[in-house]
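Scroll down for the structure; my scribbles are underneath it.
By written order: A, B, C, D, E, F, G and H. Residues from 1 in each chain.
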Amino acid sequence: MQVNVYLAGEIHNPWREQLRRQAGELSLPVTFTGPMENHDRSDNIGEEILGEQSSKIAKDEAASSINNLRTQILMTKSDVVIAFFGEQYKQWNSAMDAATAIAMSKPVILIRDPKLHHPLKELANKAQVVVETPDQALRALAYIFES
Amino acid sequence: MQVNVYLAGEIHNPWREQLRRQAGELSLPVTFTGPMENHDRSDNIGEEILGEQSSKIAKDEAASSINNLRTQILMTKSDVVIAFFGEQYKQWNSAMDAATAIAMSKPVILIRDPKLHHPLKELANKAQVVVETPDQALRALAYIFES
Amino acid sequence: MQVNVYLAGEIHNPWREQLRRQAGELSLPVTFTGPMENHDRSDNIGEEILGEQSSKIAKDEAASSINNLRTQILMTKSDVVIAFFGEQYKQWNSAMDAATAIAMSKPVILIRDPKLHHPLKELANKAQVVVETPDQALRALAYIFES
Amino acid sequence: MQVNVYLAGEIHNPWREQLRRQAGELSLPVTFTGPMENHDRSDNIGEEILGEQSSKIAKDEAASSINNLRTQILMTKSDVVIAFFGEQYKQWNSAMDAATAIAMSKPVILIRDPKLHHPLKELANKAQVVVETPDQALRALAYIFES
Amino acid sequence: MQVNVYLAGEIHNPWREQLRRQAGELSLPVTFTGPMENHDRSDNIGEEILGEQSSKIAKDEAASSINNLRTQILMTKSDVVIAFFGEQYKQWNSAMDAATAIAMSKPVILIRDPKLHHPLKELANKAQVVVETPDQALRALAYIFES
Amino acid sequence: MQVNVYLAGEIHNPWREQLRRQAGELSLPVTFTGPMENHDRSDNIGEEILGEQSSKIAKDEAASSINNLRTQILMTKSDVVIAFFGEQYKQWNSAMDAATAIAMSKPVILIRDPKLHHPLKELANKAQVVVETPDQALRALAYIFES
Amino acid sequence: MQVNVYLAGEIHNPWREQLRRQAGELSLPVTFTGPMENHDRSDNIGEEILGEQSSKIAKDEAASSINNLRTQILMTKSDVVIAFFGEQYKQWNSAMDAATAIAMSKPVILIRDPKLHHPLKELANKAQVVVETPDQALRALAYIFES
Amino acid sequence: MQVNVYLAGEIHNPWREQLRRQAGELSLPVTFTGPMENHDRSDNIGEEILGEQSSKIAKDEAASSINNLRTQILMTKSDVVIAFFGEQYKQWNSAMDAATAIAMSKPVILIRDPKLHHPLKELANKAQVVVETPDQALRALAYIFES
């Protein structure tokens, strides 16, 4: 039984690598997908496909329409979403992706440092599992395949 | 035809007052609901109902379970959600509420200063309407009742 | 038992007036809603609320975001949709609104001159009832209340 | 991860060929489906299966019931829909198919020449991505598989 | 708390009268709707609205499109469906309406003479309650309002 | 692209054989499922698994609970349903299965002799395609795979 | 804004009285519904309506079909469900009702003595709010109406 | 046609073994999943992944969040759920899992000793099939594959 996992959130941090490596070591039947991790490619994808836009907001709108296309297709195909929140950036898109997954009845495993708990408390309450490290998230995922 | 509007987001700013007042002046058939606007009450509601909790995280979890109860009931009854993002705070709960509304097929009107556009670009792309001021949001709302 | 009816399509033709008048004469317990019928207001609503836009396409995008907000709220509240197709204009928004209603499990009554049948054949096949005149649509609607 | 793509719209133009060829060159894990591209077969399929009908409208109704059968099965199996609008024909079935996909929560990539924007503005507002050429649509699709 | 009840099935038998009278005697807060009970009006409604059709099948198709319009609107507004099966007629539309209600998560109370049980066994298994008389159906309905 | 087809209705007639044979001859990528075609096994399955029941109605109820289990699992996995109505028997379970498929947004191809049209008119109106013979149904199915 | 509350669970204990009284004292705009609280009436309702059954299991089946009819109608109309678990009885129907509400996206407030937490831990994890007393549940409900 | 079966309920009894063995003997195309059957692992999984918790209730909450994650992923992938109720323990999680499956439109086969019928009567009424032994459940499952 193959499980698809969408890895939402933070792209300036190698947390996805750790999950992929550990899942590989355990030979878990898991396929990982996620957002474009090359930040420049992600920010510029609108203009790279559609050409120069008339303003920064128009450039952002073009990029986000294509990033959201990617997210919608990959998340719809996922069985579970793991979302990582770090200390930098607004990360409103991460909160949006996690909430969208929950509203689509896909369980979310939330990874965050405990000191981020207060601003994340409503999202943590909706997440199915809240952990502090990628290693804990991987172990929760591996538990699904234990018998 | 009565329209229910949930006012998500920012509770340290009188933006809701402006909407309520303008809607009253125009006699729009609109009912507004929203989160608890007394910040202390919102943060402490878990302990106020359930008693002292064992840690700050447990206190937060208790509060958010009751705040999310309120949001789920009121948002489910709404026809449209207006979400305001300001410059302070993480506002992950606001992003969560807006994304949840969108996933529930409720249209979202997003109010934000243009300088916040970059971090909000994915949410702006999913919102039905993006405006800069509460006055613009109210005018978009009023347009529904024009003939 | 009150029935809400969304009147989609063609806004350069007084077909809505006829429905409203006949429904009134029969005292049907029906509430009609529909798109903004003032064409200029509809085309300019984006700039009227959000200010001047950078291009004709940006102006159109701003207007359609607000027109679609209106349609989504009113159509969600409707029990049945009546869509009129005339001989002029592309009317892609009318086809979109009718198809959206059908996909939302709301029955559609399609009004069109028989000579438009060929290009409308797929939509006619999905519509619940196909008629040629507003009077026929009104009589189908009135039939719901007969006993 | 295989992605199914339904290619809606215009069948008198080789735009589908270009997408298929480019996807092949990039070895994208994509399966394309779409409507019957032989226009005569599409228009006559009702009578070819069910025998001669009593009128042109009955012939159209028979054909569209079978064309819509095909569309419903193939579109339900798709992960994303690409819709092309050209300058000829009413294309109300294309608008219907695109709107149906959106209402089924399938993202739509809309291809249209910018001069068609005004009549397409409401559909463009609902589409996830709007582009001008098949090449741009293919690049948006390819982006999903980049890492 | 008002409850809407759709009375599906058999229109050549006064079973609906009995339900309406008993509900009135008990002052139950119930609104009853149902199909057109005038059989001729029901069979001819297509031609009465749309004019003469080219064949008996075309006449039937026209009538059923309008009867199904009525059913879809009224059944969607109902909280519970009561379906009566008698010994005469094919009653495939009654089976269709009962099955549609069940698939829409509306509970069905099935009224049938026990000797009809064998051909109704699959539908009886899906119905929420199976009774033999309108009086029993009414008492099951009345039970909802007891405290 | 594999298509699953549930063959509902009439089990005293070899219509399924014809579909399977023709689909095999055309090498269509189709998987057929359907109800238990051994009538005695179907009627007795309740007692064969659960032991003797207290009455004919209890025996029927036991059998139909297991037949409906089968139908629900197989129909949920299907992409399209073909339903055959013959001249004998009540066939209320066939009408129920066809209506359930339609309510689950699965297209239905209805096979019936034209002389059955009047009692089937409401179901015919909801079916996506109405044909007279299994051969016509197979050709409508084959059309999905033409390009 | 009126809120409908279904009071699931335990019927041998006056917890519902307390909620109704406190809600009345606070003039909350709340309507309470719930299961039949007369235990004998609830156990015998099947035979009271349908006549004597052939066995205790058949009597139970008849009663539960009518009790579940009541629950389905009233719970579908509710905005929030409050479920009370006591120390006696199996209460599998209470667990079923609470889980059904959650799967229908209705928030559940769970009332239970802390010593019952271990067997209720999976349900507590899915409930939106977990409290120990009816008074706490009422206060969580009242919070929805504070501003 | 592969069928996924989630085996809910009782983990202190070898009933799952029997199903797996019999399915293997019959070479049924069936994949079984279910909860963690090692009771200690199940009760302690929260602390094993997240570290020591502050109380028994917090330990339970941590464990159940991870057990529910497992259940949600595996049950969502299942086509049918078999639930076993024994005489020991509260088994509220089993009732919750069975009710959740039913609300997700997945058919449930309920296995219980007849003497448990009274407390299980509402759940039995909602289950698609009620049997007394794992052997009977397996035979109902095998029936799906007979032709």
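Criterion: contacts are C-beta pairs under 8 Å (C-beta built on N, C-alpha and C of every residue); 3 or more make two chains touch, one makes a residue touch a chain.
Computed from a prediction, not measured in an experiment: that's the story for all the values here.
Engineer: With a step meaning a move to a chain it touches, how many steps does the shortest path from subunit A to subunit E take?
Structural biologist: 2
Engineer: Higher C-beta contact count, B-C or B-H?
Structural biologist: Counting C-beta pairs in contact, B-C comes out ahead.
Engineer: Could you work out how far the Cα centre of subunit D sits from that of subunit G, in whole Å?
Structural biologist: Once rounded, the distance between the two centres reads 49 Å.
Engineer: Quick check: how many Å separate the C-alpha centres of subunit B and subunit E?
Structural biologist: So the centre of subunit B lies 43 Å away from the centre of subunit E.
Engineer: Roughly how far is subunit F from subunit G, centre to centre by C-alpha average, rounded to an integer in Å?
Structural biologist: The computed centroid separation for subunit F versus subunit G comes out at 40 Å.
Engineer: By residue number and range, which residues of subunit F touch two or more other chains?
Structural biologist: Residues 65, 68 of subunit F touch two or more partner chains.
Engineer: Which residues of subunit B touch subunit H in their complex?
Structural biologist: Residues 54-55, 58.
Engineer: For subunit D, which residues are in contact with subunit F within the complex?
Structural biologist: Within the complex, subunit D contacts subunit F at residues 4, 31, 33, 36-37, 41, 45, 48-50, 65-66, 68-70, 72-74, 76-77.
Engineer: Can you list the residues on subunit A that touch subunit H in the complex?
Structural biologist: Subunit A residues touching subunit H: 1, 3, 79-80, 105, 107, 109, 128-132, 136, 139-140, 143-144, 146-147.
Engineer: Quick one: which bits of subunit A touch subunit B in the complex? Just the residue numbers, please.
Structural biologist: Residues in contact with subunit B: 56-57, 60-61, 63-65, 67-68, 71, 85, 89-93, 95-100, 102-104, 114, 117-126.
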